[in-house]
Amino acid sequence: MRYIPVTPDDREKMLKACRASKTEDLFSAIPEDVRLNRPLDLPKAMTEMELVRYMEAMASQNKTTDDHICFLGAGAYDHYIPSVIGHMLSRQEFFTAYTPYQPEISQGTLQAIFEYQTMICELTGMDVSNASMYDGASALGEAAGIVSISSRTRKDIVVLDSINPEYLEVVHTYLKFKGINMIKLSEKELLKYDLSHVSGVCVQYPTFYGTISDMDTIGKYIKESGAELIVCANPTALAILESPADFGADFVVGEGQPLGMPMAFGGPYLGFFACRKEHMRQMPGRIVGKTADSVGNIAYVLTLQAREQHIRRERATSNICSNEALCALTATIYLSITGKEGFKEVASRCMDNAHYTYRELIKTGKFEAVSKTPFFHEFVVKPKADIKKLNKYLFDNGFIGGLETDKGWLVAVTEKRTKDEIDAFVRKAGEFND
Amino acid sequence: MKFTKDHEWIKKEGSVAYVGITDYAQQQLGDIVYVEMAEENMVLQKGDVLCAVESVKTAAEVYMPVSGRVLQGNSELEDAPEKVNESPYEAYLAKIAYDDESEFDELMTEDEYTEFVESEAK
Amino acid sequence: MTSKLIFELSKVGKNAFSLPESKIPKTKLNEKYMRKEDAELPLVSEVDVVRHFTQISQHNFGVDQGFYPLGSCTMKYNPKVNEDIAKLRGFTNIHPYQDPKTVQGALKLMYDLEQYLCEITGMSGATLQPAAGAHGEMTGIMIIKAYHQSRNDMKRTKIIVPDSAHGTNPASAAEAGYDIAEVKSNDQGLVDCDALEAMMDDETAGFMLTNPNTLGLFESNIRKIAKIVHKKGGLLYYDGANLNAIMGIARPFDMGFDVVHCNLHKTMSTPHGGGGPGSGPVCVKKELVPFLPVPVVSKKQDEYFLDYERPLSIGKVKAFYSNFLVTVKALSYILSMGPDGLKAASEGAVLNANYIMQGVRRSFIIPYDRYCMHEFVLSGDRQKEKNGVTTLDMAKRLLDYGYHPPTIYFPHIVHEGMMIEPTETESKETLDEFIDALNKIADEAETDPDLLKTAPHTTYIKRPDEVGAARNPVLRWKKE
């Protein structure tokens, strides 16, 4: 019991102080008929050596992106993670600390989150950001719910069919239990749809298929109808693509995993949530604000807490308590390291690589173009071969191929990919015949 | 001025009335940081939620002492919510047009309210 | 003197990042798609970044530094080997959409953890999808709703919670579309069964309860409570925040609970990270398994796969499958402790809490004066009455003694409450020192109340102006 420092000797003394003769006495409030009268049926305790061996064996059963070059995105991206991040995150002051409810000894976490909030505002063009949500999908679900509930006259939520299907499923789950109607439309249908009974429209930017929609037109249509525009954005794209503030976004949420977090089989990730000033008090979760202490030092505190569950309870804007604080810190460090210029370079390189890959795939003659819409770092092509078989072939040759979607093969190319890797990928993909 | 068990006060002025919270209420809440304004033209029954008042650690709902329609919230409180702490009987929260004058008879007088607060405090 | 913001260290010409040169031609999109103004991100060198984050980290306080007796949070020690295991590239460098055949290790990990959590709670099926306790609560209540709806029982519109419930309970039930009703605790600090029976009807979907409850007391009448709820067709929800008191000793299923959530960042030792990430798996009894979110990690012969064929599933509450790396740490913990270790942890947690309670009873009112479980609440009423010293003041004074203060003013049913949960990972020496500090502070409250009212004195910053922060929110830095 290497994590239990109380010795048998101590235990005796402590029991005596508690006027108990044995540990069992302390549990007298638990009635006999709910006792578990057998040991838990779990594997016997492992020593550290055994544990490491066991878990390493489990980990080695997974084929990783270390030896399979990744061309798969669809919501989780293989970006380069600068080494500084790991070192900063392993500081116990950051990762073993609790939620910063005691500001006097939490200025580290609080200041880092204040910086995070600032960076999210800068990227999204919004006025305010919160301290994080669980992930992009649940952030979108929460935003949709909040927009619908805040409106007194309009209740419905419209979602575009070009949103990540996992995200649509999560939004649907969040909305249906609240009794909110979710209407799925294509972009074309949206621009003809009567939005007068719709409280908010959710749009993914770039879309799940990697394309960049005509956001000026979409934004204008939505805003003119009086509905709220909820944009679910890829943060890397925001480094160089038009800011959502410029096409009328009211809320910008999204998945922060590309900002320094490993793909890690889906989590922990980072939901960011930002909005215009007038919606500030509807924001869910924790928010850090700047103030001063009693002797005039700058101080950061959790603020506007009266929105949250521990005060408003069932009338809170959300039930969120624990968030993804350490992941928000990760993003802050990532954006500090890549910085104003470097982050743009990452985004540009992703875009260059993706477009090069696209052109080369088309050149092989084995892939058909699917759309003429411009794209960022992901695109869809239609392979002549069966996608499952193509992906199996590619995997056996050291590549993770794109996702099979209803529109075709969704391929993502990040800044990590070299020209050699891309050329090899294209060659293999092009030579496959099923 | 009349009072409710939820520590609201109401003052009639002709066909309109002003609603606020009492000194006891503002003391209990502590420093008020935000007043969520009542929505104009809302038609509410006695006992419905009129608006909300927030301090750092609490949020409290303010209820309609009588039935009526909200004419306007006190816009002064948008930038200076602390006025409610400083002068709770002048810094009204909302101006309403009441429906039924007889509903005022159901409320407590100042003496009755003072007695009520004393017994609550025990 | 406080640290500059990272933005304030920016200077044109500084840089901390570069990409390799590339022969790939540049792509240019139409201007209309591009940003007009750059995002004002920092422009700093690597040294700046490292100094900055190192410096601000020193204004924090982690469990590795000192005692964190936060009631209801279970701030136990975070084993370092679990951190190393969670960094294994076999766990970090896998894409969630890889062919399941290529990630059998990850699927096995999830499957095994679900099995172990079911064994600990007595349940039959689990999901690791929720990313935090509150997320798990929402998921569990959605499962309850889906269950009732599947039986065409549409009239159940409310969930009952005790007046001592954690705020996430009613908030989560509201997220699932329910109204809330509160049942009072009796003067023993337990659920008033008569009041519950009077409230329980066929319009109630269920009752949410923590056991031991949020006062650290075991609801001895739990079987009776379960009967009351089940008799009227409702389901019983277990908030697993206090699971650290009963592992290997009692199980929620045996008490009559139908749905459970666990907090891996509490009971299972994964680090709090300054507020997250956590993980809030939900375990359910057999009849509720069909309603679990998709996909469900399943096993056929010796192969693991993700089962999406679940027509009764509530849907999804998060993209992908779980806060996976957090679950890696939790599994490692369970394997390190084993059945005996987990039971010893609970026994140790309960002993440590009772020991502190005995140590401070001379100074403070103990509202529920009997054996507590893994946490207990004291009241600062005596100090408030004497010299107007509040529990907040005493908590701030604890900072001067080098402790993270316990939870204060929760649950609201205790006046001037302070909730102390030491966990099992503290030595007797630490407990003795803490007891000493608390008693000293109680003495100070009599002899030098102003010292407490202006505490803390030795921390990096003094008491901040939270009123100002809320009245005039400044939520970001802006370039001049």
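Should a chain be cited, it is by its letter among A, B and C, assigned in written order, with residues numbered from 1 in that chain.
We take it that a contact is a pair of C-beta atoms (placed from the backbone, for glycine too) under 8 Å apart; a residue touches a chain by one contact, two chains touch by 3 or more.
Everything numeric in this text was worked out from a predicted model, so none of it was measured.
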Using only protein Cα atoms, the chain sitting most centrally is C
If chain centres are mean C-alpha positions, then the most distant from chain B is chain A
Chain centres from averaged Cα atoms put chain B and chain C apart, in whole Å, by 37
Distance in whole angstrom between the CA centres of chain A and chain C is 19
Distance in whole angstrom between the CA centres of chain A and chain B is 43
Expected list for chain B, residues touching two or more other chains, is 33-34, 54-57
Check: chain C positions touching at least 2 other chains come out as 466, 470
Among chain A residues, those touching two or more other chains are 305-306, 311-312, 315
Residue positions on chain C within touch of chain B in the complex are 409, 466-467, 470-471
Chain C partner, complex, touching residues on chain B are 31, 33-34, 54-57, 81-82
The residues of chain A that touch chain B in their complex are 152, 281, 305-306, 311-312, 315
